[in-house]
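Residue numbering begins at 1 within each chain, and the chains themselves are lettered A, B, C and D in the order written.
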Amino acid sequence: MSGFDKVVHSYEEAMAGLTDNMTIISGGFGLCGIPENLISEIKHKGTRGLTLISNNCGVDDFGLGLLLPARQIRKIIASYVGENAEFERQMMSGELSVELTPQGTLAEKMRAGGAGIPAFYTATGVGTPVAEGKDERQFNGRSYILEEAIVADFALVKAWKADRYGNLIFRKTARNFNPLAATAGKITVVEVEEIVEPGQLDPDEIHTPGIYVNRLIQSTFEKRIEQRTTRAAGE
Amino acid sequence: MSGFDKVVHSYEEAMAGLTDNMTIISGGFGLCGIPENLISEIKHKGTRGLTLISNNCGVDDFGLGLLLPARQIRKIIASYVGENAEFERQMMSGELSVELTPQGTLAEKMRAGGAGIPAFYTATGVGTPVAEGKDERQFNGRSYILEEAIVADFALVKAWKADRYGNLIFRKTARNFNPLAATAGKITVVEVEEIVEPGQLDPDEIHTPGIYVNRLIQSTFEKRIEQRTTRAAGE
Amino acid sequence: MALTRDQIAQRVALELQDGFYVNLGIGIPTRVANFIPQGIDVMLQSENGLLGMGAFPTEAEVDADLINAGKQTVTMVAGASIFDSAESFAMIRGGHVDLTVLGAFEVDVNGNIASYMIPGKLIKGMGGAMDLVAGADNIIVTMTHASKHGAAKLLSHCTLPLTGKGCIKKVLTDLAFIEIKAGKFHLLERAPGVSVDEIIKLTQGELVISGEIPEMQF
Amino acid sequence: MALTRDQIAQRVALELQDGFYVNLGIGIPTRVANFIPQGIDVMLQSENGLLGMGAFPTEAEVDADLINAGKQTVTMVAGASIFDSAESFAMIRGGHVDLTVLGAFEVDVNGNIASYMIPGKLIKGMGGAMDLVAGADNIIVTMTHASKHGAAKLLSHCTLPLTGKGCIKKVLTDLAFIEIKAGKFHLLERAPGVSVDEIIKLTQGELVISGEIPEMQF
């Protein structure tokens, strides 16, 4: 089944075709489950003018924050963008355009993009700055606003395990936005910790079917922790 | 965690509160993954005037078809209703009201109902009888129709395994509409083949989190096959 | 000679490409799986929630929990995945399936298709067909070119209630392989031994004949 | 005496019921988990995709792949489940979470809440707060009753950009437990040693005092 083998062997190959001014969706929540090596490859490539859709934008020296110093990002659509000094500087100076979107709406917009749903109604954001310029409509006596789907030229995904056909399994809360991102990219690139042969993953346990995946690369990950919070062993 | 123990010990208890003229969503595709014992309980109860939302309506002597002889169903919303003589008779005579809905739209309407999305746009059905009376709108130069969410008084679900808290795992294509049905019931009742203790299911492998489940019952299943199609062993 | 059902399936199979995710409807389309060319691998999507459908099971393999969209017992290939109906149609509606093959009663020059309902006759429902035709970019309709009584099914306007509007670009009948573009049928190939005149006679919508029309190769 | 942050959390915890699925925001709401009454079990939802959040991990248990919505390392209880962000907010938006506790800058008599943005100051974003306030039927807002400088936060009209409109029914401050209905604040309880007059003075929106107002019991 060579036509279904999604494995590539270099990050250059994984991100081939990415050019200036493209749109990228990235999985991850904070620094958890982020496609850290794919992001580094974009930094290395020096692609500029990017529109980025991601729940957060990393920290100064890790994750999507790495794309800030060389001003590779033109615009970001995110729900929460704290913890990043260079980000704040570029946002305040107007160098970086920021579109804040409620977290659940952002997730649903990605899902809708992948699922061929061009728009949906939600109560989230009614009566707030998020509703500005959007259609409002009542259903069963309650107000809802119309939110449109998001798709991107590239979707960057971090999974735990995959088979060669791109069937993916995520691990714990590193799942977050990743399965949604996977569905919404014209080209979906996935990096994983382990690649197995087709048939080795239980079909009932696959989170993302390989049909959504174009390229797959195996790597190692730093997995930096943003808020290491512990209790004493006896507690 | 007694407050989270969803297990009930009789079908009477499982379907308590179901009364005439209520709306029911049922999981299942054909006879695969149908909540067969919950359906039998409704037959036994004799509840009438029901509006049923299910992809199909069983066969004459199994599945939802069992509710036809005593005319317990007033209306059905389904995508495909063949293979059932009594169904055809009641439909042709006007005793049974049938609202045909495309399969993907039906699935999405259930998901939307559970997810607090009151309505969504889809290209499915544009220019067909399904579009009649529905809002039509263009996005990126293509026409879409507005479809509204579905919720029901009861959702009936068949899963494979569950823990006492109602976390569910489905098996193979018996999954189908079941996880969607589970989200869209005011009261969601699930029957399963095996109930285990909380902690025995891997949190990454749970298809339906227990938050959607109100009642859980363990039973045995006939699992009738509609089209038994085989090949010779050597082929 | 008009193509047999298997020959129609065989000709459709030549449109497959290595790595295609394919949804095959009930009837002739299902048979396409029997003619997948050497060196080409495809994965079959079954809209009830299975990607990577395999052969029918042996008696020993039969599993009531594993069926296809035609409700037949099936198996899974290595690398298959299972998902719920919303995910299955997200895949279809979102345009992730590379090729959809399905039957029809009528197709017209504007790419409209009627396939699920004959008024006055028993209505069984559209199942997943409306989602499939609305979701796929690449659809091949398989059908007989005309009815037993010679009534055309390739029309200027569909007469039956539509399954989808403006979504069909390719039709393979027992007589011809036809492309639909800019409001016209275009004859691409004819069945071996079938004349262009014969095809013209049995086609009601405008049919463009451009140059020599080759016979189908299998 | 005004309540401490822990006392606010402790009073909120008395609103929990056995079997509640609860989402606790960052700050004071997080502390509610430390005061769950005896005999009551709740399951904590973390909107980044976890139902059944447990205690912070020991050093040995720390797992970079297991965090809460505040990005802190956490553990899971037995019976926990993991899901993606769309499913997590389906749960929230669909009204399946029994109680949401979150902080705010301002609340008004119409149940409006402002909690994510102070114009001119740094804007970090609403995260999941807009979804949480729009999705839950049962929300408790926790905040200090007034600013350090005595400026009211319980207003006739919110002055800051809203997080949600008409969605707040209960507010627990360091001074009072207040219900919002029919366009008015209703004083339900006062902090031990805090007078009704003191609460009236620090409340700008219309406050209904009906009969004797009891002191909070812990």
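Here is the rule we go by: a residue touches a chain if its C-beta (ideal position, glycine included) is under 8 Å from a C-beta of that chain, and two chains touch if they have at least 3 such contacts.
For clarity, every value in this text was computed on a predicted model and none was experimentally measured.
Enquirer: As a test of understanding: of all chains, whose mean C-alpha position lies farthest from that of chain C?
Expert: Looking at centroid distances, D is the chain farthest away.
Enquirer: Select, from A-D and B-D, the pair of chains that is joined by more C-beta pairs in contact.
Expert: Contact tally favours A-D.
Enquirer: Taking the mean of the CA coordinates per chain, how far is chain A from chain D in Å?
Expert: 29
Enquirer: State, to the nearest whole Å, the distance from the C-alpha centre of chain A to the C-alpha centre of chain B.
Expert: 32
Enquirer: Between chain C and chain D, what distance separates the C-alpha centroids? Give it in angstrom.
Expert: 55
Enquirer: Per the centroid of Cα atoms for each chain, what is the distance between chain B and chain D, given in Å?
Expert: 35
Enquirer: Where in chain A do residues touch at least two different other chains?
Expert: Counting only residues that touch two or more other chains, chain A contributes 108, 111, 115-117, 122-123, 170-172, 175, 203-204.
Enquirer: Using the touch definition from the top, which residues of chain C touch two or more other chains?
Expert: 50, 76, 82-83, 86, 89-90, 92-93, 135
Enquirer: Touch graph of the chains shown: is it line, ring, star, complete or other?
Expert: other
Enquirer: Chain pairs that touch, all of them, please.
Expert: Here the touching chain pairs work out to A-B, A-C, A-D, B-C, B-D.
Enquirer: So in the complex, which bits of chain B are touching chain C?
Expert: Going through chain B, the ones touching chain C are 29-33, 55, 78-82, 88, 91-92, 98, 100, 102-108, 110-111, 122-130, 160, 170-180, 207, 223-233, 235.
Enquirer: Could you pull out which chain D residues touch chain B in their complex?
Expert: 17-21, 40-43, 45, 50-52, 76-83, 87, 89-97, 135
Enquirer: Please name which positions on chain A make contact with chain B in the complex.
Expert: That would be residues 108, 112, 115-123, 139-140, 142, 144, 148, 169-172, 175, 203-205 of chain A.
Enquirer: Give every residue of chain C touching chain B within the complex, in rising order.
Expert: Touching chain B from chain C are residues 46-50, 55-68, 70-74, 76, 82-86, 88-90, 92-93, 112, 117, 122-131, 134-135, 161-166.
Enquirer: Write out the stretch or stretches of chain B touching chain D in their complex.
Expert: 1-4, 111, 113-117, 163-165, 167, 183, 197-199, 203-204, 206, 209-212
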